[in-house]
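So that you can tell them apart, the chains are marked A, B, C and D in the order they are listed, and the count of residues begins at 1 in each.
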Amino acid sequence: MKGRTMKLIHTRAHRDTASGRRIAAFAAIATTVALVATGCAAATPGDSGGSDGDGATEALSIAFLPKQLNNPYTDVVLSGGKAGTEEIGGEYSVVGPLEASASSQVSFINTLTQQGTKVIVIAANDPDAVGPALEEARAAGAKIVAFDSDTNPDYRDVFISQVVSKDVALIQVEQIAEQIGGSGEIAILSATANATNQNEWIKFIEEELASNPEYADITLVAKVYGDDDDAKSFQEAQGLLSAYPNLKGIISPTTVGIAATARYLSTTDFKGKVALVGLGLPNEMREFVKDGTVKEFALWDPAQLGYVAAFAGQALVDGTITGAVGDTFMAGELGEKEVGEGGIVIVGPPTRFNADNIDDYDF
Amino acid sequence: MSERTIVRSGEGVPATTAGTLPVRVRSRWTRILLSRDAVMFYALIAVVVYAYTQVPYFASTQTVGFLLLDVIPILLIAMPMALVIITGEIDLSVASTVGLTSAVMGVLFQAGVPIGVVLVLCLLLGTVLGAVNGFLVTALGLPSLAVTIGTLALYRGFALVVIGDNAVANFPQELTRFSTSKLGDTGIPVVMLLVLAVALVFGVLLHFTPFGRALVALGFNKEAAAFVGIRVGRAKFWLFVSTGLVSSLAGIFWTLRYSSARSDNATGIELAVIAAVLLGGVSIFGGTGSIPGVIIGVLLIGTINYTLRLARFSDVVLSIVTGALLIASVVAPSIAEWARGRLHARRTARLELQRAAAQ
Amino acid sequence: MTTPTLADDIPVLELHHASKAFGAVVALSDGTIEILPGEIHALVGENGAGKSTLIKVLAGVHRPDSGDFRLDGKPVSFGTPADSKAAGISVIYQEPTLFPDLTVAENIYIGRQPRGRGGLISRSTMRAEATKLFATLGVPIDPERIAAGLSIADQQIIEIAKAISLDARVLIMDEPTAALSGVEVERLFGVARSLRDRGAGILFISHRFDEVFGLSDRITVMRDGAFIATHTTGSVTVDAIVREMVGRDISALFPKEEAVIGDPVLSVRGLGRAGVFSDISFDVRAGEIVGLAGLVGAGRTEVARAIFGIDRYDAGSVEVNGVPLRPHDPQSAITAGLGLVPEDRRKQGLVMELSVTRNATLTLRTALARFGLISGAREHALGEDWSRRLQVKTASPDLPVATLSGGNQQKVVLAKWLATDPQVLIVDEPTRGIDIGTKAEVHRLISDLAGRGIAVLMISSELPEVLGMADRILVMREGRLTATIDRTDATAERVMFAATETLESTP
Amino acid sequence: MLVVVTATINPLFLTPQGVKDLLLNATIVVILAIGQALVIITRNVDLSVGSILGLVAFGTGTLFAVYPGIPIILVFVIGMAFGAVLGAVNGLLVTIAKVPALVITLGTLYIYRGVNNAWAGGTQYFAGDRPRAFSSLSTDTIFGFPLITLLAIAVVVGVAIVLAYTRAGRDLYAIGSDPAAARLFGIPVTRRVLGAFVASGVLAGLAAVLYASRFNAVGATTGTGLELDVVAAAVVGGVAIFGGSGTVVGAAIGALLLTTITSALTALRVDKFWQQAIVGVLIIAAISVDRLVSLNRARKLRVSEARNV
């Protein structure tokens, strides 16, 4: 027994210490990471073509990166994108974060860049946060089409806009003015406070209210944000009505917001007394139009956005357009589209939905 | 975390002399090659090799760059977090600290404060936020879990108060470019050098300093640690402070990398950090854990996520995988323990049977 | 008072030749006891004699490795405490285990609350029952208050009330009086007697001979994990019992080397902590071993903890070589040359999961570091050096201390402190749970240290150990020093007397 | 107090519509907070309630969409059973693996949410897809109380009775008060803790069905982040995070208070960004007060024990 112990201790003395082992582990990691890195580096230049093929023969890969997956509006937009891509004969894919955060889109852009995607169609959660990643993507040869929500113009080739921002704003002001009889307090219930498109519309709404003498009697008393979250928008609507007893109308330029507000109004005494206009999906609003909560709201056909974006992507890759003002391209059944000021492509005028026509639409 | 429900091996196992129960002493290399860290390392290699050969586009320098850029914030925060968990505490407020740092950074910069001053103030802020956690946990003796759930809400709330729904984007280009620049052709981001420095500091702190020895001791047994003069409360306080400081560092990196200061930055990454730390072999009950292990844990989660994304799996899968890895990493040791216990019980039962038969 | 007719009754509970070992440590080698219905049975023995293990076997907490366990003459085997409770055995531990957040009544009836309409708990019935119980016991406790904040005495009463409500046939009390005042003890005894008169068998552990002789019908003595004898109380004397408890030749077992005794190193003056101890003053001189004797709960450990800085104290001062120590700061105590081998080796003395080396060098963390970094090689050399010097038996100093036997673990604790080269070493129950062979080694070590001029304060509940080792014996009772006895005058009886007499009769 | 202040500043706050809204908003958090209280009393925590709610709420929407004629009561039963299964998964992992509930439920929070996302995709079900009678549950009132609020009150009373007047309920307190002692007493700790998690799941399921009745859309992100509010409500309502004490009535009041604060902030036109910070402050204040009270009690005890020493 004693002898054995002694021997063990003896061997111990030659052994590395616990700390020594740690150093070894550290070194192992460092070496391997370095190896992997250099290995990759060596592999890249000659390898990138490989069996996957490259260049003209390959189907045009168009990847859509919406603000957030699993959003009904997004799904409609994407359905158009898919249709457009298939018409071109391109390879359609969708990636995106589950929550509308700016930084998570960056990782997806990186991945798309690496996959050699030819066209990235993006709806930016933050106009600047995605910038550096998009620049890298462009450096790697991708064309960038922004749609729905623009990035900083420096980072993309074209922006496919629903309609002229001002038109969207004006139609909403017009509608609310009609419905409240041209005077009274109104409020805006928007998506997130830094959503690019909503903010632009709100800016135009405010300008129009201030400058157009027809609207002199209308006061905008509040702007609140429901973050495109149903429950939150619902409570914000409720908060508005409790905070502003004389409120006569609400503008909600977001599909989630208008649906939540309509639902709140329809269950209260305010139904029919407080006007509600904005941008909504016919399928979501049908019930409220029919029960009289909402008289009229507006929207473009979101599917057209995706559809045109796909064609714009192809045109950019072909070289048909470069994003310069005056360039034109054919967008399938929607005909010729022109690149306007600031690289913006306008899809079409907004549609007004009311009890008379709502059943004609299914999206 | 305040209550340990598991009987740890040391307390439950009756003492035996070396003579009665032969303890196998494995050779040095077998031990290194069979250690938990090593096994994790094999797993990492396996994933890398698999992705390298099977997943298109993985074999590229861009992978290294993008992957590392993605994991840097997690890797940074995992270092102090590992130490915090080793002492038997937890800090859930790290992601909110990142968010608040980012928000303050944006607001200060927009107000015209020179960027250098902004960075210093941000690090200072992180230190203060960590100190608040540390004070509540050590001075008031509150459970860190509850405290940091509270500060998770509080710090994120402050971020909202500070910057609201705005975003600040116009940080100096030199800085934003620096944050994503690579070391030559290797694809390794320059910032990794800073991260490695931080890892080295925490690795040395844990494994090669008196303070590290004290942390391990108090993680296993707070009372015994107090009996050798270890100032338990003070040690924990400084760990929370360091967590706050490193989280604010991660916040600065986050803001610069995405050149966007927003209140919702890094929402939810505490889960990824904790999952990586636990996967890296740190015991949720305290005491056990190593910095190399944690680094491997972070890289493993990062690589799996990146590979899945590259293989066009949806983000849905990613969140399920992260959650499952977290649960697996804490449940696995318990199951192993349970299996060992069963085995032991069966052996004891057999011995008793033999003894009974002998009588 | 009924005297049981010993010959005729079948014992309500009997245990014969039970043994229980924890790894290499045999805690109980021959646990034997018989409890008759309607008797109060006292169990006495030194600390470490195996009394607590015996009780835990009866309570179903430990399953004995061997032995014959019978209730009413029929063999039984308990797997869990619940089994034992179901069989009518109620155990009241030294530290009552009440649920602090529940009401007193609920604590009595938890898991078997009386039910009323609709199968719901009837709180009024529960309250009424509890009130009735307390009335029987003659104690004014509000059944509706929550248990948190109750005094130990009240908590014990509640445990007893619970036992009564359970209709316990056997009531076992582990040192129930350790934390009680005179009046409370009387009240407790009244209750015990009335239970006995109703036919229950009562077993209680006590170190106070006045209580043992005043209350019990029979006395069982244990020593070194084994049964020694059972006596009818009227037929024995305190002296005889003490002799049986101590049982061996003291001076032969504990060879105290004569050391040169120098100047006072540790000076404690007027130390007090509200509710725990008060007015403690003594010196320990270089090369001197001072024994601190007393019953469990007398406040000895608490004094040691306060000196070392683990706990705060409200009054007094501690000086090492004339320099006052910062209160509540063990690190400064260590720096000043103090070391403490704590009473609970597994929870306080060692980090069981860490290696022998790591444990042994834990006190030297800072000294081991060069430029702030610990040199693994030096750490190892030091760990190995000390394990060799103290002859710690382990396959490798890299193995967790949990794999060592109790005696070897204690050597690691000693090594940890010797490595700091202390001037004062406080050892609290240094040989508890250690086998005889290693015990002698530990004693030789301590004696050796004193020989090298270290001042040693030794807390021990084992009288022979104290008598054999100490140059001077301080005795504590109920938080106060009651006697200082010189080595030459020390006898087991004198120490026992000083530890158990009531304060009022202190000369 | 808060109600009074708010009402004076903004009279509209206490109109019938205002009160109704307040109650309606609180209902769902109240029910979740009750479930959370059960779990916290046993010294555990369930962070996955928000995800359970989302999953079950989407399930409810799916049921109505796939089986348009399904009886409403059956939907309730299925929703609660679904919640029970999800809660049981939590409970089993916690009790078998003996890992802190925090870690397990943090994991299931993400897994359940992921499953919800995978299942729902971009699909959302809207109020229009559901029968009128179902939606009217949350709009119809009896004596000014919305139906679902009455349901919530019934749940509070029911669970309160179980906790106060059944052995199983009392066992939960014993377990939270001292888990080791509870085991020593022969209380079936594992079964009871599992039961608490299942109950929390059932209540989350119920809350989810009510959510589907109350709100327009149920989809992949329904209920995200609710867990913080729920834990805060329970803790603010006096359920000690250390386990062993607290009542469901307290938790319900906590939930009501929290919702009132939120509504009051909006009604008082306070910057809504303060909301989350206030939740954080409330959690920390609640546990600090709890701790200080118990420290104080311990100190008093020691001094009162001093007696003759």
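In this section, a residue touches a chain if its C-beta (ideal position, glycine included) is under 8 Å from a C-beta of that chain, and two chains touch if they have at least 3 such contacts.
What you are looking at is a predicted structure, and each value in this text was computed from that prediction instead of being measured.
Contact with chain A and chain C alike is made by B, D. Remark: among chain pairs C-D and B-D, B-D carries the greater number of C-beta contacts.
The most central chain, judged by C-alpha centres against the centre of all protein C-alpha atoms, is B.
Put simply, the C-alpha centre of chain C and that of chain D have 46 angstrom between them. The distance from the centre of chain B to the centre of chain D, each centre being the mean of the chain's C-alpha atoms, comes to 30 Å.
Averaged C-alpha coordinates put the centre of chain A at 32 Å from the centre of chain B.
Within chain D, contacts with two or more other chains are made by residues 117. Chain contacts: chain B has residues 18-19, 25, 164, 208, 314-316, 319 touching two or more partner chains. Those residues of chain A in touch with two or more other chains are numbered 5, 8, 18-19, 69, 98-99, 225.
Across the interface of their complex, chain D is touched by residues 69-72, 74-75, 98-99, 224-225, 229-231, 234-236, 238-239, 241-243, 245, 256, 259-260, 262-263, 267-269, 283-284, 286-287 of chain A.
The residues of chain D lying in touch with chain A in their complex are 10, 12-13, 15, 17-18, 21, 25, 117, 120-124, 126-128, 135, 138-139, 211, 215-217, 219-222, 224, 262-263, 266-269, 272. The residues of chain D lying in touch with chain B in their complex are 43, 45, 93, 96-100, 102-104, 106-111, 113-115, 117-118, 179, 228, 231-232, 235, 241-242, 271, 273-281, 283-284, 287-288, 291-292, 295. The touching residues of chain A, when paired with chain B in their complex, are 1, 5, 8, 15-16, 18-19, 21-22, 24-26, 28-29, 32-33, 36-41, 43-44, 47-48, 52, 69, 93, 95-99, 101-104, 106-108, 110-111, 113-116, 126-129, 131-132, 152, 192-194, 225.
Here chain D touches chain C in the complex through residues 161, 164-167, 170-171, 173-174, 176-178, 181-182, 184-187, 240, 244-245, 294, 297, 300-309, going by the rule given at the top.
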